Structures are given as C-alpha cells and as structure tokens.
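First chain A sits with chain B, and in the next complex the same chain sits with chain C.
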Partner chain A sequence: MAGEVPNLEASKLTALVVDDNFVNQSVHHKLLDRLGIKNDVVSNGQEAVDVHCSGRNYDLILMDMDMPIMNGIQATRRLREMGIESKIAGVTTRAEEEEVKEFMEAGLNDFQEKPLTISKLVSILHNLELYVQT
Partner chain B sequence: LMTAKSLASKETVNGRCWFYSDDDDGISVYLNRELHAMNTVVAQLQTQFQDYLVSLYQQGFLDNQFTELRKLQDEGTPDFVAEVVSLFFDDCSKLINSMSRSLERPENVDFKQVDSGVHQLKGSSSSVGARRVKNVCISFKECCDVQNREGCLRCLQQVDYEYKMLKTKLQDLFNLEKQIVQAGGAIPQHFPSYTILRPDIRPCLDA
Partner chain C sequence: MHISLFTLYHSSVFQKNLFPTYNFILYSMDLKALHLKLQEMRQSFFNEGYLNCQYTQIEALEKDSSPYFIVEIITLYFRDSPNVIAALEHELAREPIELPKITKCINRLKSSSASIGAIKINNELEKANILLQAGNVEGMKEAVRRIKKEHSELRAKFETYFQFLAYSFLCQLMRRAGPTEQAVNSS
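This part shows the complex of A and B:
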C-alpha cells in the first residue's frame, strides 16, 4: 500500500487548503502531507486573500466553493485580479454543469469533485503539471 | 517436559516481558510456549477486527472514503482516522443542534439555515465515508428544498440516530485495534473495497 503513494517532498511544492469545514480541512491537509506537500489551511475565501496579501505564495490552492464571508468563486476571481498565478483547483460537492462552469470561469485551472482521495489529488497534480509520473 | 529447575520465571516490567532462568533450554521452551500463546491471541483479535470492519462495509455504514482515510494513516500519525471521525461526530452534534433550533417553531422555520446545515453535514459525512449519514442528508436536502418541515424533522431524527450508531460501531472498532496493539500485534492493513462487498449497488467510478 505504501508503494502506491508518491512522495513529492523533493519537489518542495507548497499548497493552501481553503475550506470552511473542519473535517475537510483535516482530510485535505493530511492528503497533502502524505504526498510530502507542505501546506497551510484557511477557513474561507477572505482568509485566502489575506494570506496572499501578507506575502505568502503557494504552488497549488485547493479551493472549496461554498464558504461564508467570501466563497470560492469570489476568492478565485479576487486572487486572479491580484495577479496571483498559482494553480487553483476547485474542490466541491457541487457538480452541476452551470455551477462548475461559473467556478471555472472565475479562474480555476482544474476542478475535482469531493471527497478527495490520494488518486484524485495525484490527478490534479498531474493535470496541472506539478507532478509527472515516472 | 519442564523440570522445576528449568522452569523460567516471567516478569513484566514497563510493558515488556522479561524471562529469567538458570537454564538456557528452559528459557527457550518457555519462550516458545509464551510466544505461541501470544500469537494465538493476536491472530484471534486480528480476525475479529477484520470481520468487524468488513461487516461495517457490508451493512452500508462505511464506504470507500473510509478506506481512503485508513490509507492515509501512517506510523507518524497512528490516530489520524480516530481524530478525523471524532471531528466529524462533533460536527454532527453541533449541526443537529442548530438545525433543531431552526426547525423548532412551525410558524418560523429558517429553511436556509437548515439547508446550510445539511450541506455541511453531507460534505463532512462524505469526506469520512459515513455512508448512511450521507444518504439521510440527501433525503434531508429534498425536504428542505420543498420546505417540508415534518419531513425535515424526520430526517433530523434519522441523521441523529445514524451518526450515534456509527459512533458506537467505530468505537468498538478502535477498541479492537487497541487490544491488538496491547497484545503485541499489528493492525491488519487490509483495505476492503466497498463495491466488491456490495455487488447489489452500482460501483462508483473513482477518478
């Protein structure tokens, strides 16, 4: 089983988890940890924006859609307006075409349906060319 | 045959077994018998654990997402699954309380708040593999969408029942794990596939 999980520690990738649900925060944080990706966790879009204003930058942002104060769509738009070029992957349970389209158009690079698993996360990394399977 | 002279004595100090004897042969016979007894106990507990885990999938309490959580657990974080499900159960309790308050007065139901609560609950139950809880949330959302207060109350009661049932089941599972570790064994790393154990449902296609 351990052999199935790639280790990306050497790549020194960093990530930001943006989700208002504690359970999801925990799971996503651990998923990234397990792959060797150092990551921070914030609870809504506003905090995601604030953390970038304070000068932090990440290779990958896992953005939930439904969050209080500032949701994923608003936060994605704002980050792009700020000139943030990090890869942003929308992660949500809402998978209706219209909603996905709106989310993508806000500036996402990729989209995955929750719940996240190791293979879904590897798929995101692969799609965003952050990880190439040898 | 063990003679009185060769009989080794056993002492447990700081959780580890120490054997004393003035006779080497006595030690090895004794040790072998002790180890065999320990191994039998461990094997029995491991089988019990395995069977119980599989039954939770077969009865629909857990799905593949729980399997994914177990895969994430490692030596550095041996309590990861227990911690995440604990967070989940706390979440359930909080959300059920606030939704209950919103549904309390028939003339003044805040369906928006209830819908928000159901959405959160569906999300977290989905993330930990709490299949039955998640399924109640699906019905719950439908009641919310048509502003059916009675239906919502029924679903609320059901979701309360299901999360408490799952909590008890998982507590039993974690206790079995503890017993295995205390008996000196390793927790089985078999990861049941929900779709194989429940051929009556259509397999979900993982990414």
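This part shows the complex of A and C:
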C-alpha cells in the first residue's frame, strides 16, 4: 500500500459489506477495519434490505453485484425505494459497460472494479465526500 | 514447564485453519536461514507469476505483521474454490449446458481469485470465459482442466509456504516467551 493509510476512526463512519463470497467478505471487512470504519457484513441483497428494515443505517454500503436470493442491482433498487440515502458503492469483477450502467441506474453513487484495495476504498470515500484528503 | 514446540503448534491458530499437519524436520534450520528461506519462497510466488500485488495488499492489512489474516484468507479461498470448480465441472457435463449457471461459477471463482491476487488462475478463467461466450464447450472443458492444474499448483505452494511460516512464527513466540525450565520431579 503506497503512502499513509488514513485513520477515519474519529469520523465515526459506518459501513455495510454486502457480498456472498467469504473471501471478499473478510477482505472488505478488514479493509474497512484498517481505515477505522466500523462495519457489518451480510451475504446477499435480501439480508442488506432486512438489516435496514430492522432500523440499522450506514454511511456507506459496499454492494456486490452477483449474489443469490437478491442480487446487488435488485437490492440497490429496493433500498432506494425504501428511502435509504446511504452512499452505495457497487463493487464487482464484472465491468462490462452495459452491466455497470444497469448497476449505476439502480441507484449507486459510485462503482469500483474488484479486487478492492485500500487506495480504491479511499477513492470511493473521497468520491462520495465521506473523506477529504489533506 | 517444558514447552513443547508441537504443543504450541497444536494450540496455535494455524491448527484450526491450516492444511494437514506435516512432519517438521525444519527444527534443524536456524532462524536466520529460516527467514531467508521464507523470503525466497514468498518471492517465488511473484517471480513464477502465481500471485500479483493484490496479495501484498492483503498481507499489509494486518497491522502487526502477524500472518494470521493472510493464512485465514488463503485458507478460506481453498475451502471455497474446490466446490466452485466442482460445480463448474458438473454444469459442463450437463446436456444441454446452461450458460448462466456456468457464468455464475466462473464469476464467483474470478471474484475470490482476484481478491487474493491469484493471477494465473484468473488468466485461465478469463480464457475460459471467452470460450464460453463463443459457445466452445470442448474448449471450456480443456480450460477447466487448466484451471484445476493452476489451482492445485498454487495450493501445493501455499501448503509448503505456510508450513515454514507456521514454524517461523512459533519460533518467534517461543523466543518472546523466554527460556524454558525443565520440569522437576518432586518425589
């Protein structure tokens, strides 16, 4: 990782990792931990919707595209219909223009191609105005 | 209390996460030689094109240079990926093949392989995807054989590397624990 890793603990940001892949869940969770961002992990879009229905709210949602039960596009659409205004960043290995367009139109604020790294995550936070680089 | 290296090993995090226990004949290596060997082995993953810089990103996520996290991630990968490969083979054996199901398997494997930096496996998955989109089923089957080969080679390399890593880490723990005392028979 080039450069200093920012510590955003004082900002009290919270995030939700939505991914059905255990490796990605662990990596994304750890990436957010490393930045000092408290985060929860769920395994599919339906669980992401359920966790919001239970009253939880997050500053940032990292949303995978391909998931069982409810995929990222469906979950993003559903969350926006529910009035959830959290910043949602789509993260997926699938980066064909048509697929990205459909994902963005579902209600994403940003999109990053996997694999996620600290610098890509900082870029997401910067793009979504959750972190201002000094 | 006499501290047994193997007692430490069996109680360490590696035991519940790691691949089968190996015969440690490594104790004859001094620590400096062990560290050099470890560096060599780690570098060979990159020199031989198995891993890319994504792997170092994951290593660097552990603040105190503990190997626990990378071992955990790689173990998770090798727990899940054989099932995905098996599912892929199963789908390819169907007639007629169902393209969306095969695509799903490929994407799942691509996602986790990319996350750990397994570039050789990912390259084979890209080739497999191109063949799939062209409707070349026989080509796909050959591609899956290559994916399995790369997967098994990477796994074997990690098994050996983690064996050395576990031993090195245990030696460090023992050093920190200080000198051991021989148990004295009270009778």
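By definition in this document, the second predicted complex is superposed on the first by the 131 of 134 C-alpha atoms of A that agree within 3 Å, B and C clash if a C-alpha of one lies under 4 Å from a C-alpha of the other, contacts with A are read in each partner's own complex, and residues count from 1 in each chain.
In this text, a contact is a pair of C-beta atoms (placed from the backbone, for glycine too) under 8 Å apart; a residue touches a chain by one contact, two chains touch by 3 or more.
Owing to the predicted nature of the structure, the values given are computational and were not obtained by experimental measurement.
Q: After the match on chain A, would you call chain B and chain C a fit or a clash?
A: clash
Q: Who does A:S123 touch here: chain B (first), chain C (second), both, or neither?
A: A:S123 contacts chain B only, not chain C.
Q: Who does A:D40 touch here: chain B (first), chain C (second), both, or neither?
A: neither
Q: Which partner does A:L31 contact after superposing on A: first (chain B), second (chain C), both, neither?
A: Both chain B and chain C are touched by A:L31.
Q: Touching A:V23 in the superposition: chain B (first), chain C (second), both, neither?
A: After superposing on A, A:V23 lies in contact with both chain B and chain C.
Q: Once chain A of both complexes is superposed, is A:K114 in touch with chain B (first), chain C (second), both, or neither?
A: After superposition on chain A, A:K114 lies in contact with both partners, chain B and chain C.
Q: Regarding the shared-chain residue A:T93, is it in contact with chain B (first), chain C (second), both, or neither?
A: both
Q: Please write out, lowest number first, the residues of chain A touched by both chain B and chain C across the two complexes.
A: On chain A, the residues that contact chain B in one structure and chain C in the other are 1, 21-24, 26-27, 30-31, 34, 66, 93, 114-118.
Q: Along chain B, where are the residues that touch chain A in the complex?
A: Answer in residue numbers: 65, 68-69, 71-72, 74, 77, 80, 83-84, 87-88, 91, 119-120, 122-124, 126-129, 189, 191, 206-207.
Q: Under the stated contact criterion, what part of chain A meets chain C in this complex?
A: 1, 21-24, 26-27, 30-31, 34, 64, 66, 92-94, 114-118
Q: Spell out the residues on chain A that touch chain B in their complex, using ranges where they run on.
A: Going by the criterion above, the answer is residues 1-2, 5, 21-24, 26-27, 30-31, 34, 66, 93, 112, 114-120, 123.
Q: Contact residues on chain C for chain A in the complex?
A: So the residues of chain C touching chain A come out as 54, 57-58, 60-61, 63, 69, 72-73, 76-77, 79-80, 104, 107-108, 110-112, 114-117.
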